[in-house]
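For clarity, chains are labelled A, B and C in written order, and residue numbers in each chain start from 1.
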Amino acid sequence: MALLHDDRLFPAEEGTRAIARRLYASIRGLPIVSPHGHTQASWFADNKPFPNPVALFIQPDHYVFRMLYSQGISLEDLEIGHPYIEEPREVWRVFASHYHLFRGTPTRLWLDFAFQQLFGLTERLSATTADDYYDTVCAKLASQQFLPRALYDRFGIEVLATTDSPLDSLQDHRLIREGARSGGWAGRILPTFRPDPVVDPAFPGFAKNIETLADISGEDTATWRGYMRALAARRHFFKALGATATDHGHPTAQTADLTESKASRLFEAILEGTADAAQQEQFRAQMLTEMARMSLDDGLVMQIHPGAVRNHNAQIFARYGRDMGADIPMRTDYVEALRPLLNRYGNEPGLTVILFTLDETAYSRELAPLAGHYPCLRLGPPWWFHDSPEGMMRFREQATETAGFYNTVGFNDDTRAFLSIPARHDLARRIDSAFLARLVAEHRLEEDEAVELAHELTYGLVKKAYKL
Amino acid sequence: MALLHDDRLFPAEEGTRAIARRLYASIRGLPIVSPHGHTQASWFADNKPFPNPVALFIQPDHYVFRMLYSQGISLEDLEIGHPYIEEPREVWRVFASHYHLFRGTPTRLWLDFAFQQLFGLTERLSATTADDYYDTVCAKLASQQFLPRALYDRFGIEVLATTDSPLDSLQDHRLIREGARSGGWAGRILPTFRPDPVVDPAFPGFAKNIETLADISGEDTATWRGYMRALAARRHFFKALGATATDHGHPTAQTADLTESKASRLFEAILEGTADAAQQEQFRAQMLTEMARMSLDDGLVMQIHPGAVRNHNAQIFARYGRDMGADIPMRTDYVEALRPLLNRYGNEPGLTVILFTLDETAYSRELAPLAGHYPCLRLGPPWWFHDSPEGMMRFREQATETAGFYNTVGFNDDTRAFLSIPARHDLARRIDSAFLARLVAEHRLEEDEAVELAHELTYGLVKKAYKL
Amino acid sequence: MALLHDDRLFPAEEGTRAIARRLYASIRGLPIVSPHGHTQASWFADNKPFPNPVALFIQPDHYVFRMLYSQGISLEDLEIGHPYIEEPREVWRVFASHYHLFRGTPTRLWLDFAFQQLFGLTERLSATTADDYYDTVCAKLASQQFLPRALYDRFGIEVLATTDSPLDSLQDHRLIREGARSGGWAGRILPTFRPDPVVDPAFPGFAKNIETLADISGEDTATWRGYMRALAARRHFFKALGATATDHGHPTAQTADLTESKASRLFEAILEGTADAAQQEQFRAQMLTEMARMSLDDGLVMQIHPGAVRNHNAQIFARYGRDMGADIPMRTDYVEALRPLLNRYGNEPGLTVILFTLDETAYSRELAPLAGHYPCLRLGPPWWFHDSPEGMMRFREQATETAGFYNTVGFNDDTRAFLSIPARHDLARRIDSAFLARLVAEHRLEEDEAVELAHELTYGLVKKAYKL
């Protein structure tokens, strides 16, 4: 018995499946390059064991608890938001007895992968097997082979980027880096510059953050120019610790191209707290263009992740705070929104801007046509709700014919759940193999080309796009 | 020769088809649960024979006559809008000689099912076979086995909901119910509370309807509180006659959460006829939230069906009135629109709100993420233009990975064409079997799970969601 | 070795593929009917050889150079915008060494078709084979068999429409026509009336164009009525030279239905240059309705092609002008936009309006429901970015169930690249065969019906819809 079939996610038609198998065989062993995600550098700096299955599989994973919540299980029953889980076995049992809810979801595929590949479990998770799972996972987590660094090595990770506030000291990154330099663990953990807390006036604590930015950088962030210098300095600091990219999670993809004096006055209004919603949006818009300008100087790759309505559930937000599974995508426009930035920097050979979306309608209508023209643009992989078998397939089907493969940048696991990383990369490799196999089976591509492309989609393009 | 192949709608690939066959075999005999539709209770109360093939297949079915009209056949030639069809055989011949227009549409599949399964016809409908069809159908319709109650029983219907105005006396429902209680026909025909005529100020006759509501309920509907009491009373009346659900066909999904005094003043403006379009929209929005509040009291399940531009063709509307095949879907937003209602009641364990859409782009972007989080939300099946093989498949492909299967509610036939009910349910069962079979064939699900899910999608989830 | 496989673009599953092969065999030899495209009548009037592979395959084809540009190749390196290509072999080498960029795109399929079918090349284009390709193509282009008229005949073209300004003298069309009448070459090259330069106030040179229109027509275009008469006259002139259709490339699908006095005053404001953007949009909107009115008089079929943001890249536009691969689709609404025109003329039996879109979300939500009701409406084939294997398949999957096949109008090649015409039609025939084969394999259609439909989709419907 097994949770995983060797042919999983391959098309059923025999000829196509045989091609998919061959393509997948040529890439399954490639190192994992993870240029965008939400793991914690401290895990690798401290290298302490993960405490228990709940802390590992449920608490950090809003994919898991949002589904349980949607079916009437309270967040209290899952001890979400508790600093310390008091009854992890009970929480695990609740999860196990509702495991059928995940049928047809990628979460199910990711979890089964980890259960079998890492913990040797082969019987399906259910109320019946809950305790056996719990005990098995607990036992393994206590062993040396399940410490974060050991897992990183075992997963075959070549490089792993985290996502960090510009106000972060990056102390953990520094420790890992220094350790490696002095002959210690050689894992490559890189920070990513995510300036939302200091460029989005709607971010909680924005005013305070601007002050902290002044303290850290030694610049006068009460002036536009000082603020610019402070941001440039923090980018430089991140870059010195290995960062190759920035990331921007604005509500929309809106950009702006104001004169310096207008930008400066807008910044004043923001600092004075007199800016209305439209001005705040314009400020975020201008800051994307400023970030592009700085990228031309320092070479950091820009990632733009728009389109999430954050904290849609007011009651959940009031009680549990951010990132509680209550972010919902919304319609997102790119064509007019990106125009100011693109008109200024879109033809710069030195700039790379990677676009993501939560609105799949943009793939064929806006994103592929934009990326198939502007030299600076690349398409990020399917994101968040869409990094699933069907979602990934739709991305390839809808983007490739206009943007080609070479304007895409490989896979992002984008996860907070460290153990899901190999599962997610495996899933992406299988879906890419399946998509390419169909093109070969339908004689739209030769197999030698598909082999080359499979390698590019898994390894080549991501290293090039993110400058890794 | 046959119109129907046993393997219709199953994937062609042999392995997958074999799985689909097995799944379908496990559910094909399940009773039909029809929680949402537009049949007439009077058919079952009176149990009179259906007059002729035109009255049965063409006149009530806007799917049929809109296609004919789009290809230049006048509604006059089809005697649409005539109280009595003068030359039914001639109308039937027009239809038969244009039957090729329906190639590739679900209408063709539904009709062929009825032709063969109910009338034993096996040669394709065409100008040549028109008269044979006409005579065969007429002969059968005159027999006992084709009376409405006999067909209900033969179709294996367990429960059938109609859609009714709050002003309706539900006399037919009462008669059926009393008949059953006194040992007569035991069919279960339930009303559904559809308050559009008394909550949508743009509904034809709204002011008059509010007065009638007063007469029926004995409440003073000239005041906000009396109006609220009147609505609650009518809901109670519907519930007493078996209703388990309400249905709301607003142009948009907009909700509101006004204070009582604001709602009351808005209602005054509506009654005075001074409300502009924005106020009318706000009133409808507020009424959805009021309906949710009442649902918390009386337990009725809410269905929201937004997104149709009604009566798009002004000339057709002026001459023939509503429901003449000239309703066109429009872009529909849910994320911001539902926020007021969800912020107030979204986390209530006792509430069920079933969301429908005519805008398929909302499946993966808005509806699945919402239903995969809020405990009160469930996703209705593909609706209207989309309750077709490709439409149903897109729904499963686009909604399942985020919402799972268990946040959906099975199938609605939603039809005015009584004879299409078994055809529509059969089609849905086949498509669900085909979708599940692919997941099994691609090793994304085990077959025992697919069997369980097929049963849930056909029978279990609908009974639970609609409290039947 | 071969670039093309006989089964290309057919589904891999053997049973379905066998059906697709049979369907394709029944239509592959049908004449090419090309009712909409951007070839030059002068090619056929002059019948001069095409100069070299670059002028043939790269310079006129923005699909080709936009992809190269997106990957960092400058337009200078491709000598785009040069009146005379100085180093065609060098440009060709750049293209050849980047041919892998086109993997997965329709451009690759179109080019391979031309390379093999016309030039006998069977080894893949690459840096290695660049010179061999260049020499082979050059040699053939110099031969009699590769003159435009010979190619037209060889391609099996029955009729080919160009797209022309209302200010065009159509001298080349006249010459071809007169030649044919006097026993010369019998190719049928028809003009299409594309009035954008004189009905879109935002069109470069609009005011001057209106004056030229006066000169050509002898009407006083400074008055609304004179302007109307001038347009009617030009339409008449086009019709006299064989035109059967008009074409409208407005930014949106907005229509209007103003009184004559309002339209007249709006026209005055436009001519005076005092009209703002909203008034310009209203003017374009009114002109679509005026064109529909004129179509009722003269019988010309209307084509509406909305949804492109033209010249998105300001730097490219400033340096190279229009049509440089920097047009990007945008979201496009039809339901409310078309209402004024449809309310006035939507039920006219004599009118045909063919709708196109760059926004695929409109297929199932708006376009198919509209075309499945209004007698005047037909759906144009997938356009521009979407005239690709996946794009065509999505169109059939998303439009057919509501609009049927008979509300569509066959294929448009819409190309500036003459040599891609047979490739594009071949691709469309294969995809239609593949789609129909799936319906047959899934028993949603009988094979004899699919054979009939394949013929209609390739030949019958286009001739009927465009009155050819």
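The rule we apply is simple: a residue touches a chain if its C-beta (ideal position, glycine included) is under 8 Å from a C-beta of that chain, and two chains touch if they have at least 3 such contacts.
No experiment lies behind these values; they were computed from the predicted model shown.
Two copies of one chain, chain B and chain C, touch each other, and the residues they use overlap weakly: the shared fraction of interface numbers falls below half. Least-squares overlay of CA atoms from chain A onto chain C yields a rotation of 120° to the nearest 5.
Averaging Cα coordinates per chain places chain B and chain C 40 Å apart.
For chain A, the set of residues that touch two or more other chains comprises 11, 13, 361.
Listed in rising order, the residues of chain C touching chain B in the complex are 11, 13, 15-16, 333, 335-336, 339, 342-343, 346-347, 349, 361, 364-366, 368-375, 377, 397-398, 400-407, 438-439, 441-446, 449, 452-453.
Across the complex, chain A meets chain B through its residues 4-5, 7-13, 66-67, 69-72, 100-106, 109, 124, 309, 312-316, 325-326, 328-331, 358-361, 385-386, 388-391.
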